[in-house]
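First subunit A sits with subunit B, and in the next complex the same chain sits with subunit C.
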Partner chain A sequence: MSDHPAYFRVLLLFARNSLVRDMTFRANFIIDTISSLAWMGINLAFYVLIFQYTPMLGAGTGWGKYEFFLFLSTTLLINSLVQTLFMANADEFSELIRTGALDFALLKPIDTQFLVSLQRIDWSSLGNLGFGLVLIVYAYSQLGYAPSPVAISLYLGYVLCGVAILYSLMITLAASSVWLGRNQTLYDFWFYITNFSRYPREIYRGKYGDPLRWFFTFLVPVLVVVNVPARFLVRSLRPQTLEDWFLPAFTLFAAVASLAVSRWIFNRALASYRSASS
Partner chain B sequence: MSRASRKLSAEVADSPESGESSKSLWGGHLEGGWSWQAFRSRAAIWWTILRISIEERLVYRGDFALGTLMRFLPIVTQIFLWGAVFSAIEATAGSSQVAGYSYRDFIAYYLLTMLSRAFSSMPGLASGIARSIRDGTVKKYLIQPVDMLGFLLLYRVAHKLVYYLVAAGPFALVFYLCRGFFPGWPDPLTLAAFVASLGMAFLLGFFLEATLGMIGFWFLEVSSLLFVYMLFSYFFSGHMFPIDMLPGILGTIVHALPLQYLAYFPSAVFLGKVTGPALAWGLATQLGWVVFFIVASRRTFHLGVRRYSGFGG
Partner chain C sequence: MTVIEIDGLAKSYRVYQKKEGIWPSIKGLFHREYRTVEAVRGIDLRVDRGEFVAFLGPNGAGKTTTLKLLSGVITPTSGTARVLGHVPWQRENAYRRRFALVMGQKNQLWWDLPANESFRLHQQIYRIERRQFERTRDELTSMLGVRELLSQPVRELSLGERMKMELIAALLHSPEVLFLDEPTIGLDVVAQYNVQNFLRHYQQTRQITILLTSHYMKDVAALCRRVVVISLGRIIYDGSLSGIIDRFGGHKVISLQMSNGQPPDVMARYGQVLAAEPPRIKLRVERSMVPQVLSAILAHCAVEDVSVEDPPLEQVIAEMFTHPNGPGGHADEGERPA
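So, the complex of A and B:
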């Protein structure tokens, strides 16, 4: 037997345990799923209403109704993956720090960030993933073409990059509760920041829009999270020139860099952790 | 009133007033003990409740002021989203109106709904009532000479007062920065109607949510029901968009619901979208809904307490 913990098997065990737990409270699970689907339905209704009045989101941007539905599905896919895998855990992490129960996680012979980030998988959030996939199929049926296999594989790769960026942001904010104590507001902050990722980056233009777009692309890279993968799905928006490829290349860098930075902050936070027990 | 709570109230009969009439802090039975003395002691209770609630609220002021500023961040996205929508409309159709709203109107509308929501939103009220029914803490209102709705209303008034105190800075700052989106100050009459509709939005929000919370007397778990209400409210109160955008029969139905008075109506009044007889009719209808929900919350509480049974100490 090696000293190295079998991370993949542990992950499967986490997934299985969480599923067993979710299935124990089945009615609750169904209500949670329906609630988040209903929330998405309301959002979709809002966009349908907007496209009653406008043919496109921004003149000349190429984000028509069904192109934007592809964008929206990408938001759904990425957010539902982040919520399924990490949301409950990040929430719990602040609580572990506050109560001092993080001691038990530190004692386990496995990487603490891995354990803290993944031990509780929230299966009910996967409903939105299904919703997103259905919306993609519907949008393509209306657009009248299908994505190429290359586009699909690039898309999937960049969805994972997006998940990595959002995860890094989330775990960084959660870890900061070591220094700040109660940080309910930081969670709100997380929602408000990711709020910027929900629309095509082309809408941020003008005197204030340009600096904002720059800030949320290069410093806090939430604007590339959905934008880059979504563009691969839309035929007319696929990168063609070298310049078009700069952002996808940057996104790869941003994903790796934000994981590294969040890892560093996480470890700094652990070093500053003072248990809460007597 | 249930058997258990009747028994409990008998045990505390040495309170200033006893029996049923002890629950008259806010509603009902004033006629029995009406005197200047009684009024002064009541006012003293109200004042104490208000003061305690204010002090409690100020404990987390730092967290709170930061949270208030954060709440304006989504407005930034809305400004750019609608900017993009209007740029496309102007490029294709040449017109620059959506359902009678210009781009500036839209941004002003969103800012004004933030203000209306600051009056009408009641975070945790319905769920708090339902929880106190479930875990039995509702007993304290049944045995102490304090009326639950009156207490909660004062508590909420205190929270709101502190909120306005802390939020006045961020609100003034954001409104000043965005002053270009506003058509200017409306005439005094419109302004008075706006203030009246905000005041009634507060009362409507309170009594509507309180009535919803009373459902807890009949169902143990109401959180999913409240979530459905929240969704409806978000969409149909005009928080998400001006409800004038809704087409046909849907628009007519939504205009008949009380939800619009929580966010849409005050904002539309300020922007001069509702004028003349429609304004008078709107204010009267809003008042009607306030009265309806005051009665409904009292009635459901009364019916609920008759069903309620408390156990243990």
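So, the complex of A and C:
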């Protein structure tokens, strides 16, 4: 018998059990889905408004209205994947630590980070994924061209890199509750960070923009999360200069590095875990 | 065969000293005072395969901390422990497949789902072969009489039913070592009795090793031949349950029924009067003094009936907890049952 559980089958059961659970609270599920879709609709309307006043986000950046819709869809895809898979778990991780319920996760013969990160799948966040896909199709229909298979595969690969980077940030923050005792700033943090990641890199220019761009590219690499995959979708924005080629390479590195760092921090957190009263 | 070996195991925590009031709380933001709590202060213990051992001790004695150390949930400050040859806090999968921990105060089943869904998850996590899983599950659910509750959401189960499901979840992978932390807490007498019966039967047929903590003396008396008493993080007794009275019951209770109806007033000089309901009287007498006191009473008073009894076990244990080094003196070395 193998020493490891069948991770994929365990994941399927997590997904299945979560769905059964979500379906038990049907009304809550529907309201959740509708409210996040409505929030996205409002966002989209806001950008439509902005593009009434300008044809492009910054002259010469290449981010016209429909190009930016591709960017926005990418934000949606990545955020919805992270929220579906990890958000509820990371949020609960903090509670597991505070209440001592992490004990049970530590007893199981399975990777604790896997268990803690994926045991609750939030299906209601998947609505935004559909919204994003529809928006991509619409944007291409307006742009009048279709992405090549190579562009699509690169795009999907970099979407996964983006998910990995955001997940690492999230689990690191959640793990810090071992030392802080309690950490309920997760949703706030998520909002701040994704706030920076949801605009094209090109707008971070000038006296204040340059340091911000540098910081959020190399130290907390959230700026590459959406930007790098999104550029593969836009024909006019494919990598041309040296920097354009450097960024995708760096993103691969950043994804692997942040996963490694977050795993290290996670394990340190488990070693410091002290459980709670009986 | 020795299954659990513990040497000098110790665990201390640093606890933030929170003071009452607003101003001290604000000061606490900048400068914190910590106190070191020594939950376990050097425990040595050997447990053989097939033993059913009870951990007794007041709240905060270190019982749960010891179980958590042995489960690898927390790491010790110093000392060593091996369970089935594994160091628990290395959290190897090979070890985690072979033991289980049940905590009466916490639940691990998915709250909104039927217990069976959680069981299936365990089946995958522990890689239990399907037919074996179904056989074990059906056997356990019928033994505990919860078979028809398998598809009911856990949140709709009673506390007793839920506890039984928790036990089943912990036993699905047929652990060789089982740690039970107050498994009957909050249960009514019937449910308590059922769980006890089940545990005794299960342990006897499978010959697994069990460590149990409980505040119910009935659990302990019904299940465990060996009792380890922990107080202030140290083992102060290790032996049979009845041995506790021999060692720590420093006195006996003499009950008298006087034939002339009225007990003489002088009784107080023979011992502490516990109850006086003429013609009956109860005296508390130092154990070593019992023969002299008895003969003195019989010589001077008209006695119709007499009995000498040990004080109730609960009382002895309560006294032992209040004076850990009490009448038994240096009590670190206890006798082991044969």
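The definition used in the following text is that the second predicted complex is superposed on the first by the 272 of 278 C-alpha atoms of A that agree within 3 Å, B and C clash if a C-alpha of one lies under 4 Å from a C-alpha of the other, contacts with A are read in each partner's own complex, and residues count from 1 in each chain.
In this text, contacts are C-beta pairs under 8 Å (C-beta built on N, C-alpha and C of every residue); 3 or more make two chains touch, one makes a residue touch a chain.
Owing to the predicted nature of the structure, the values given are computational and were not obtained by experimental measurement.
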Check: Putting subunit B and subunit C on the same copy of subunit A, do they fit or clash?
Finding: fit
Check: What is the contact status of A:S275 with respect to subunit B (first) and subunit C (second): first, second, both, or neither?
Finding: second
Next item on the list: Mind working out whether A:T241 is in touch with subunit B, subunit C, both or neither, as first, second, both or neither?
Entry: neither
Check: Now for A:I203: first (subunit B), second (subunit C), both, or neither, which partner does it touch?
Finding: first
Checklist line | Gap in Å between nearest CA atoms once subunit C and subunit B share a frame through chain A | finding: 7
Next item on the list: Going by the contact rule at the top, pick out the subunit A residues touching subunit B in the complex.
Entry: 31, 35, 38-39, 42, 45-46, 49-50, 52-61, 182, 184-185, 188-189, 192-193, 195-196, 198-200, 202-206, 209, 212
Item checked: Touching residues (chain side subunit B, partner subunit A) in the complex -> 63, 66-67, 70-71, 73-74, 76-77, 80-81, 83-92, 98-99, 224, 227-228, 231, 234-235, 240-241, 245-247
Notebook entry, point to check: Where on subunit C is subunit A touching in the complex?
Noted result: 13, 64, 68, 71-75, 91, 93-94, 96-97, 100-101, 103, 105-106, 108, 110, 112-113, 117, 120-121, 124-127, 153, 181-182
Check: What residues on subunit A touch subunit C, complex-wise?
Finding: 1-6, 9-10, 13-14, 17, 20-21, 24-25, 100-101, 103-104, 106-110, 112, 115, 271, 273-275, 278
